[in-house]
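Below, chain A partners chain B and then partners chain C, in two separate complexes.
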Partner chain A sequence: MRQVKHSEVLTVGVLVLLFAAAPFVTGDEGWLYLAALIMTWSIFALGYDISFGLTGLLSFGHAAFFGMGAYAASWAMLSAGLPFSVGIVAAIGAGGLSALVFGFVGRRVSGLYFSLMTLMLAELISIVMTTRLRHLSGGVDGLPGVPRPQAFGIDFFNAANFYWVIFALFCLTLAFCAVLKSSPLGQALRGVRQNAVRSEQVGFNVGALRLTALTLSGCLSGLAGALLASLMMYVSPQLLGWKMSGDVVIMTLLGGSGTPVGPVIGVTLVELLREGLSATTEHWYGLLGVIFILCTIYLPEGVAGLGRKLWRR
Partner chain B sequence: MSTFVIGLSIAMLLFLLSAGLTLIFGMLGIINFAHGAVYMLGAYVAYQVAATTHNFWLALCVTPLVLAVVGAIIERLVLRPIYDRPHEFQLLATFGLILVLEEAVRMIWGLQLRSIATPPGLSGSVHVFGTDISKYRLFVVVFGAAMVALLFFGIERTRLGLILRASSNNAGMAEMLGVEVGRVRTAIFALGTALAGIGGAIAGPMLPIQLQMGFSVILDCFIVIIIGGLGNIRGAVAGALLIGMTRAYGQQYAAEWIDIATYGVLVVTLLVRPQGLFGIRLRTA
Partner chain C sequence: MLELRDVDVFYGKAQALHGISFSVAPGDIVALIGRNGAGKSTLLRALAGAHGLTRGERRLDGDIITRLPSYLCSRRGIALVPEDRQIFSSLTAEENLRLVEVLHPAGYWTRERVYRLFPRLAERRKANGISLSGGEQQMLAIARSLLANPHYLLLDEPTEGLAPIIVDAIIAAISEINQQGTAVVLVEQNFKVPQLLANYFHLIDSGRLTWSGPPDRLDEARDLLIVGRS
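This part shows the complex of A and B:
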């Protein structure tokens, strides 16, 4: 077991408390929606970080896992009329399965080839869903009316009640990532990132480890997709587009990949930027691009890395 | 026959872009994600020049120069600080460039569709072998073929090409022998973006100029260079021909399946020969 740093535990704890406190501080639906959105995207970014931060697989195709999760949940709930919990399980399964397929196709390629391959496979799925499977995906218009859970007589269409569902899953994801990172499996994945050849020589099955990491990452991405669909009560092929993959890459890297809170910080920053800047300038996405470039050049470890440097000082 | 010429013209366009991509990769070791955005910028610049001067040929000459300057600036500001980083960070930096370039184009030209008028003398079509072939497409084919020849000659037969190849093979050794590798890298990147600019300019009269044009074509280019082998210009020619023909004939006979078929070619290539059909890998990715 890797020794858990106190600073990491502290930051994660503060973060969870902040999100837990949000509904008590403000009853405003808009702010709660924003906080729920941040947690949903955080699950996605945390999932993404299993692939990039932990294992070193730079994927540009995570939108496929995310979008397929959203669609699987929507189909399960809308067409089959199954309950929310089954929809979530279906989403996790669909995300994991698509990741497994990606991993299988790309099992012989690594590095840049892997990035390009994931980008193009995701684009293929996006095209197929938008054009060939229009009757299933709702085409460009998407499918409206994705339901929220119904249980125990609680009204989950109330923003605050649904907030707690997302909060619970967010905490579970944080815990899952923490356990994974300190487990022997996490240790092995870190080894693959640092030196794949050496890991292979030591006796690890690098291909299987990469496939496992990508699948776990896909499972969490699918979960996030289902939650987003349920939060927006709407799903469209846009969720499968490359901009989604790009967004999650930006968020994870900006916050700091490979750290327990980095992805969450990145998501929070980007969402707040979006909220703050889109009111004053319509060109905020270009500005985000500039920030992102500066960050890759001067802050390769992200905001969390900067925080860590200051902490040590 | 007309489908064949259309396929060739698409192939030439793809080649101009993939050649830039693969040159930049071969010499700099960087996959330029923003290459499609640069191509789009090229198309808009060409549109602007053509719209103000009413002269397509002037646009075709000016665009690569403008884009070369843009490329040199990008190389200096964005890429130079991160050559010794892992490949992932270089990919990420160029990904950020896409957002910046797209936003810049949106700010200057807006969201409207633009188009460049076909230059006089090349509008209309010629009648060959019982079919009508667009004169402009024929021009694109001839022009593209000339560019292929020029590039091969430049890289393999001239002193400048020798310096380029030396710097890509072993930058440290080339530097010891008196080559300013930093400048060579700037030049290569500028050359690549200039090629993309030419691509944007000649695409102007064939395709609608819009923000999304860069992304759809860059994916095809990635397929081309993966099929051809990264960093391999000969492979890029073959890959461009293969994808160009698949697109043209697919559009003719099975328009609905064309994207799926194109990506299918890629998936099969990755499964069977991940190093590309013509790949002799000098550098590892």
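This part shows the complex of A and C:
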């Protein structure tokens, strides 16, 4: 048990060092953009794993938290002219609030019904935003010109400079997830995942714990959404679509849920595959599907699970 | 006093309990005996707030707690140790205990004291729940309930399928728990273990209490249980 924990600390350390080293190894904007994209999606996947890996809530609707975070930040910065930091706080709030609503609506359902409910609520939001709220969301065209931070006279439109902003938030997210996992709350959530009925009977308010986990998960998803919008300098209702929810599920499962490195590995794999394969074939998503199927059969604990097995040997 | 009054319980359309009235007073050890499927576990779950009542009421010290959710029943001092123990198998023994410890106000039972009660658990504190033997899991399940410092401890067949030496350890533990002021409801299929501990007995058959009495009238109950079997 302790060995596994050492390995976790070690792998997280290596990951952080790798991302920290990237700007020194390459000045190429394309690669830095890719690395920043991986860290942004990793924040999303780490947030997703609070709900799925830690608490056992399989949600198919996380795109709603992600997308609402992206829009909240964009509205705050574009329409209200507020600074980047306020946009980030707004995104975290919007992601958390949407998750709270989902959790409240779904408080009496569990298992597959919960998953389907999240999918439907997220689709509802996506459709309303694309059609009815076109004036707010920019419709299918989205909203261009989502700003980046303006502070200390640093040019954040420079890829390397903005990279460090995302890097800092990525490290904070990793630390937050590690602290949460080992905290009494994290242990209670693991208890809920394993046996909700028993948790209730030993005195845990399971409903409130699930709601808390989903809300925290939504907060991080919202943060990731805002960072993506700022990184791409663009936001569109696509970020709210079911494909985003599907992607984050696939990434988390592929890397291995329940560990801090798993989701990051999953995101890295998918993004590198997307980068590598999409240049050669437009059917890269199908290839990703094949890889995903093979992984679920042969690596049920994801790539991180394979690493864990090798470490134990 | 923890009690059920005129309670009916259904599983879907099947009625499991018929007009049960049952009570346990502070400091008592009450045994509930019956065959498989007689309704023992259902009665225990109804008492613990883990199963809804179709009719009747559940009371704790005079307060009606029929609709109190089970996590609040737990916080009011009712602890259920189910037959399948249901420890958190992905957590270590120690983590299982800590998890419950943080929830409830401190009392007589602390982690040190439950480790003294079950020295075997202290040796295995770092072991994952899944690698514990049946007896160790039972000890852990009881220890975990004790950390809530319950007034009422409800045990569902705590010695079922365990080695004799473990059974002795659990009997001794139940006796000590009771001496520290916790009332115990003990569900068993036969009299072997309860007659060493209990000061009052109930027989249950087909969801109805068929006999109740003190230890010195146990012979009547034995006959009933045998008649019921034939």
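Throughout what follows, the second predicted complex is superposed on the first by the 309 of 313 C-alpha atoms of A that agree within 3 Å, B and C clash if a C-alpha of one lies under 4 Å from a C-alpha of the other, contacts with A are read in each partner's own complex, and residues count from 1 in each chain.
What we mean here is this: contacts are C-beta pairs under 8 Å (C-beta built on N, C-alpha and C of every residue); 3 or more make two chains touch, one makes a residue touch a chain.
For clarity, every value in this text was computed on a predicted model and none was experimentally measured.
Q: Quick check on the chain A-based superposition: chain B and chain C, clash or fit?
A: Verdict on chain A: chain B and chain C fit.
Q: Between chain B and chain C, whom does A:Asn205 touch in the aligned arrangement: first, second, both, or neither?
A: So A:Asn205 only meets chain C here.
Q: First (chain B), second (chain C), both or neither: which does A:Pro184 touch?
A: A:Pro184 sits against chain C, while chain B stays out of touch.
Q: Counting only touches as set out at the top, which of chain B and chain C does A:Ile127 meet: first, second, both, neither?
A: Touch status of A:Ile127: first partner only.
Q: Give one of first, second, both or neither to describe whether A:Gly246 is in contact with chain B, with chain C, with both, or with none.
A: A:Gly246 contacts chain B only, not chain C.
Q: What angle, rounded to a multiple of 10°, is defined by the Cα centres of chain B, chain A and chain C, with the middle one as vertex?
A: 80
Q: For A:Gln194, is the partner it touches chain B (first), chain C (second), both, or none of the two (neither)?
A: A:Gln194: touches chain C, not chain B.
Q: Among the partners chain B and chain C, which is in contact with a greater number of residues of chain A?
A: Of chain B and chain C, the partner in contact with more residues of chain A is B.
Q: Would you check which partner chain A:Ile293 touches, where first means chain B only, second means chain C only, and both and neither mean what they say?
A: The answer is first: A:Ile293 touches chain B but not chain C.
Q: Just chain B (first), just chain C (second), both, or neither: which does A:Gly81 touch?
A: neither
Q: Nearest approach of chain B to chain C by C-alpha atoms in the superposition, in Å, rounded to an integer.
A: Minimum C-alpha separation, chain B to chain C, in the superposed model is 9 Å.
Q: Contact residues on chain A for chain B in the complex?
A: Within the complex, chain A contacts chain B at residues 52, 56, 58, 105-106, 108-113, 115-117, 119-121, 123-124, 127-128, 131-132, 242, 246, 249-250, 253, 283, 285-290, 292-293, 296-297, 300.
Q: In the complex, go through chain A and note every residue touching chain C.
A: Touching chain C: residues 1, 184, 187-188, 190-191, 194-195, 197-198, 200-206 of chain A.
Q: Please give the residue numbers of chain C that touch chain A in the complex, ascending.
A: Touching chain A from chain C are residues 48, 50, 69-71, 74-75, 79-80, 82, 86, 88-92, 95, 98-100, 102-104, 126, 128, 144-145, 148.
Q: Can you name the residues of chain B that touch chain A in the complex?
A: Those in contact with chain A are residues 31, 78, 81-82, 85, 87-89, 91-93, 95-100, 102-104, 106-107, 215, 219, 222-223, 226, 230, 256, 259-260, 263, 266-267, 270-271, 274, 284-285.
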